[in-house]
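The same subunit A turns up in both complexes below, where it pairs with subunit B and then with subunit C.
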Partner chain A sequence: MSEFLTIMLSTFDATIRVSTPLILCAMAGLFSERSGIVDIGLEGKMLAGAFAAAAVASVTGSAWLGLLGAIGVAISMSLLHGFACITHKGNQVVSGLAINILASGLTVTLGIAWFHQGGQTPLLSGDARFLSIDLPGALAVENVPVLGAIYSQLISGHNALVYLAFITVPVTWWVVYQTRFGLRLRAVGENPQAVDTAGISVFWLRYRAVICAGLLCGIAGAYLSTAQNASFIREMSAGKGYIALAALIFGKWRPKTALLACLLFGFLEALTVRLEGVPLPLIGEVPAQLMQALPYILTVILLAGFIGKATAPKAIGIPYSKER
Partner chain B sequence: MSNKTLPAWIDIGVIPLINVCMAFAVSGLVILLIGENPIEAVQYILMGAFGYDEGIGYTLYYTTNFIFTGLAVSIAFHAGLFNIGGEGQAYIGGLGVGLMCLSLDSFMPWWALFPFAIAAGAAFGAAWAFIPAYLQAYRGSHVVITTIMFNFIASALMVYLLVNVLIEPGSMAPQTRSIADAATIPSIKELFAGLGIDISNSPLNISIFLALACCVLMWLLLWHTRLGYAIRMIGFNQNAAIYSGINTKRVIVITMCISGAMAAMVGINEVMGAQERVLLDFVAGAGFTGIAVSLMGRNHPIGIVIASLLFGALYQGGAELSFEVANITSDLVVVIQGLVILFCGALSLMIKPGLEKLFIKLTAAKESADV
Partner chain C sequence: MQPPAIDLRKINKSFGPVQANKNVNLKVAKGSIHGIIGENGAGKSTLMSILYGFYEADSGEILVNGKLSSIRSSKDAIYAGIGMVHQHFMLIENFSVLENVMLGAELSSSLKESKISAREELQRLSNEFGLAVDPDAITGDLAVGLQQRVEILKALYRGAEILILDEPTGVLTPQEVRQLFEILNALRKRGVSVMLITHKLQEILAITDEVTVMRGGTMVATRETATTTKEELAELMVGRKVLLEVDKTPAKPGKVLLEAKNLTIKDSSGVTRLDNVSLKVHAGEILGIAGVSGNGQTELLDVLSGIVAVQQGSVVLGGCAIDKDNVLNAKDFRHLSLGHVAEDRHKQGMVTDFSARETAIMGFQDEPEFNGRIFMNNKAVTEHCVKLMAEFDVRPGNPHLKSANFSGGNQQKLCIAREMERKPKVLLVGQPTRGVDIGAIEFIHQQVVSLRDAGSAVLVVSVELEEVMSLCDRIIVMFEGRIVGEMAAADADAQKLGLLMGNAGSESDTSAQEITAS
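On to the complex of A and B.
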């Protein structure tokens, strides 16, 4: 029993670590997409953020300054996205793709030129990283059966950004559903004409939405390079931005369900590592590639309308032009 | 504010040119930022891409891939669809080509196998595009999202197949056995050798002629057939297409299948031509470059050939550049690609209002001068 508990705890612990960037990116996408701006650029913004965080942290030796750098870079990429598809009414998918490709090329090009390590940044240590925090009382309750183990191993012992990511979800919910800004944000994603008629600037609202998205992607990037790992590695976002996008859709563009989808996809990834080479009863050994593809397959099945219905914000993808 | 204020030569000539120039100008700034000389970089790229026969061979070999993927993206664009899945469709299409070649290569020479390989590749690529297309047309899910998902699914599937099923027995690398020599399509070097001309070795093979033929076919299809008319009508105005009696759902599915089949022809160039086997990630981003090519070539076959040649030169020249300049790697080409997509795609309308004002001012001034 206790062995089973240990395995479960370590799998859930891994789930939390892998889900963190997914949660941050999914919430980022939520802000952007609920305002009517398609955001397939989550991947690129996170990657650029990861590079900025590691670069700044390695130069200044401060993880928090790295975080600020990441947020700054990710927001500027968001603004570029906004400039292209809010101000100039460009195609939002094309713009997002451009951001992804740009980030993938620029991070490595600049990394090689600045740090001469084949695109990697120098290894970070000490204050240049977000280290794990032991929550108060974690050591004291360690020996309490079940609950103590859950508290000390699962809940305690993560770094600051993990807790930040989990706090982001209720904050996102509160902003989107309980504030005036959130009401307008949702309205602008459904019916921008109505918002415009009420005398509220559609452009400015959407710009604020993409800035929120940039902020969260920046934090996700900083998590990758200065918390989960100790340096920037080329292509380290490795499709996580797209999985987060899938989770956002899988969660039907709502914070709570998107969180659950992120945790599910994170759990699948954690399970993949654990099941490597272990045959399961009845089905035998599950190929790791199937597990990796599962989030995408599930999302496609959902989109096909077989698991409930995912209804996108009505005005998503359509540039708003204030005619005459 | 109609499009009519600008003459066609500005709209399809000057504006795209300015957009491309802006993309290159920003690329030059990036090179300056990392402390290198952009003019020197351009010289290295041009020398590497066109300076000697091996370089030209590589340039045209990359060009071949980009023509296929560019055409694939463009036909979908004509129907108002954005096929991001060229990468996955080419990957799965290459699997089709590879399976056909590996099962028949001991029985037939390449010229007999060629049509079968094309058919198998096209069928696999079209099948991979069919599911997102069907879901878009009949189930209302968005083709952009599903094709992104299908790229990842294709990648996972191919890793599984190459590592567990198709791997050459006794080999460590996840790739199939090589296709028998007689069954691979001739390289341009062999073709020239037959004419008594000796050129350096390069992966360039006769699929480039297939690519050019596809351009002609695509032009005929889009502008000279009933189906092409339906495709373009859906792209212009889907409601008008519905009311004029076009079965839009069916045409959307057919368009995506043609698009997938076109992307799959990368498999002919790579699997049956250059690599002579199926290996991991042989598409190497050509599917995404196809998007840049299509945007830059304004979805027209001629534009696509020109844009493909430019990107072929960038890929080959960029590789050369990374040998010459220590600080630069071929990732710079990825940056340029991103900038081209940004300026020719997302920001393509940026300079139009300004140019319109300028043009109106100029014509007004000219008219008053004439009076």
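On to the complex of A and C.
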């Protein structure tokens, strides 16, 4: 029994680690998309953020400065997205893709130029990384059966950004549903003309939304390169931005359900790692490649079949212009 | 003397080469209802957009209550005490009424606090002006009349003392129109100035104190409503004498050319849109379908024209029974001599990016006369369009101009020309004059009547009661996909039809309905 518990705990523990960037990106996308701006560029912003975090941290030796750098770079890319598709009414998907391509190319090019390690950044250690934090009392309760183990192994022992990601969800909910900004944000994604005629600037509102998205993508990026790993590796975002977007849609653009979707996707990934090479009853050993593809296959199936009636913000993807 | 609530002086506004407003002067007295009428493109909407801060005027002054105001955005307009109820409501459908009302005017950054104060204020306004709405209802679930009420409350909540209503009655039943007018009267009594933009003459006469007519971007005249007539206003709008009643002889119905038998249509989500509808259209008569839009008329036209396949029941056209075992498409229907002028010409009648000559053959593009062995016969296509344009007086008569660049009336004339050219035995016309100028309305009605007189069967769907009553020979009223009434046009009046449209007596108070009766 205790062996089973250990396996479960370590799988859930891995789920939390894998889910963290998904959650941050999904909340980022929620701000952007609820305001009516399609955010396919989550991936690129996270990747650029990851590079910035690792680069700054390796130069300054401070993970927190790295985090600030990541946020700064991701917000800049958000503003670029905003400039293209809010100010100039460009196509939001094209702009988002451009940001992804830009981030993928620029991080490697700058990485080679600055660090001469084939696009990687130098390995980070000590204060240049976000290290795990033992929550108070974790050691003391370690030997309490079940609950103690859950607290000390599952809840305690993560780095600061993991906790931040999980705090982001109720904060996002509060901002979107309990504040004036949130009311206007939801309104502008549904009917920007109504917002405009109510005397609120649609442009400024949407810019604020994409800035929020940039902020969260930056944190997600910093997590990848300075918390989960110890350096930037090219293409390290590896499609997580897209998975987060899928989770956001699967979660019907709501914080709580998007969180659950992120955890589901994270759990699937953690599970595949655990089950790799383990023979399953009836099926036998499943090829590693298939296991790795499983979360993506499930994503497609879930999105295609089981999403139910997901009503997207009505004005999503449509640039706002006054002319009627 | 009290300064006027609104005083516009020499307003000019151009969009590229088009001058939408030329030296417009307008005074609206405080606490009055001022009507502004004009055809499409006369510049009414532009003028109101300038007043509400959507556009900035190129030159001119706006005085609000005698004070020079610079209005550059809706925010400035709201600040100056101007509120606007748009033709297409500016509401967030999945928000509650309360949220919609307070959006943009929240008292605090916390929604909870804002809602508490907004609820009190909304209650006060509802009581003062007799505008009862449930603040917690989801706006999208409300009837159109109630949504409009929310729009009015929104303006009042922002402290509007001047209220602009843009074509407010287009989507309302006669009963809802009556309620709206009661509200406007209440507003006037409490000193609110109302500007009512409309193209419906009888509404102007029923409710306004003064009326201003616009034509071609200029103010043509301002009249005291009590001293003017419908005929005078129509003439001022168009610039020439207009026949308001359709000039036609009594119908001589012949044999049945189109018959629907027990048609039932369910949409993709399983909702019944058409419920056991049976009707007959005879040669030499115009059958009108009246009803508030969205009560099955669109589905009826779709199934009668072959756009939507018959699911239950059958359609008999040209001696051919079409049912779910014998499905024909829209092209086959055309070959059975059916013409169809679509309700929404931008969605179904034409491709706005196509040139007029392409629009003029849509649906007939496979006919041999337009096609060579491999390529289309461009010359024939162009000539065909030129011919239609001449016959139906489409202006400008340029077959290469993009369809979108014609006015609504000319687009409609082109669509009708295309459908009537082959002298169809059966013609379906959806909203014959939606977005069409008075001058063109007269022409379109004449064409439809002449087709009837030539022995065709015509079915007209219109939400304009007046049009149905004056153009048609027989009227059927639809409600929630069912036929709820039928009468000869000669026996119909707005009151009878209105009651049927709102489903028989759900509104039992009929005394005040003469407002819409002409």
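Basically, the second predicted complex is superposed on the first by the 297 of 324 C-alpha atoms of A that agree within 3 Å, B and C clash if a C-alpha of one lies under 4 Å from a C-alpha of the other, contacts with A are read in each partner's own complex, and residues count from 1 in each chain.
FYI, contacts are C-beta pairs under 8 Å (C-beta built on N, C-alpha and C of every residue); 3 or more make two chains touch, one makes a residue touch a chain.
As the structure is a computational prediction, the values presented were derived from the model and not from experiment.
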{"item": "Partner chain(s) touched by A:2 [first = subunit B, second = subunit C, both, neither]", "value": "neither"}
{"item": "Partner chain in contact with A:143 - subunit B first, subunit C second, else both or neither", "value": "neither"}
{"item": "First (subunit B), second (subunit C), both or neither touched by A:194", "value": "second"}
{"item": "Contacts of A:182 with subunit B and subunit C, given as first, second, both or neither", "value": "second"}
{"item": "Touching partner for A:322 - first (subunit B), second (subunit C), both, neither", "value": "second"}
{"item": "Which of subunit B and subunit C A:299 touches, first, second, both or neither", "value": "first"}
{"item": "Partner contacting more residues of subunit A (subunit B vs subunit C)", "value": "B"}
{"item": "Which superposed partner A:290 touches (first subunit B, second subunit C, both, neither)", "value": "first"}
{"item": "Residue ranges of subunit A touching subunit C (in the complex, touch as defined)", "value": "177-184, 186-187, 190-191, 193-200, 311, 314, 322"}
{"item": "Residues on subunit B engaged by subunit A in the complex (per definition of touch)", "value": "30, 33-35, 82, 84, 131, 135, 139-142, 144-146, 148-150, 152-153, 156-157, 159-160, 163-164, 288, 291, 295, 327-329, 331-339, 341-342, 345-350"}
{"item": "Residues of subunit C defined as touching subunit A within the complex", "value": "52, 54-55, 73-75, 77-79, 84, 86, 90-95, 99-100, 103-106, 108-112, 114, 154, 158"}
{"item": "Contact footprint of subunit B on subunit A as seen in their complex", "value": "38, 40, 80, 83-85, 88-91, 93-95, 97-106, 108-110, 112-114, 119, 239, 242, 245-246, 249, 287, 289-290, 292-293, 296-297, 299-300, 303-305, 310, 312"}
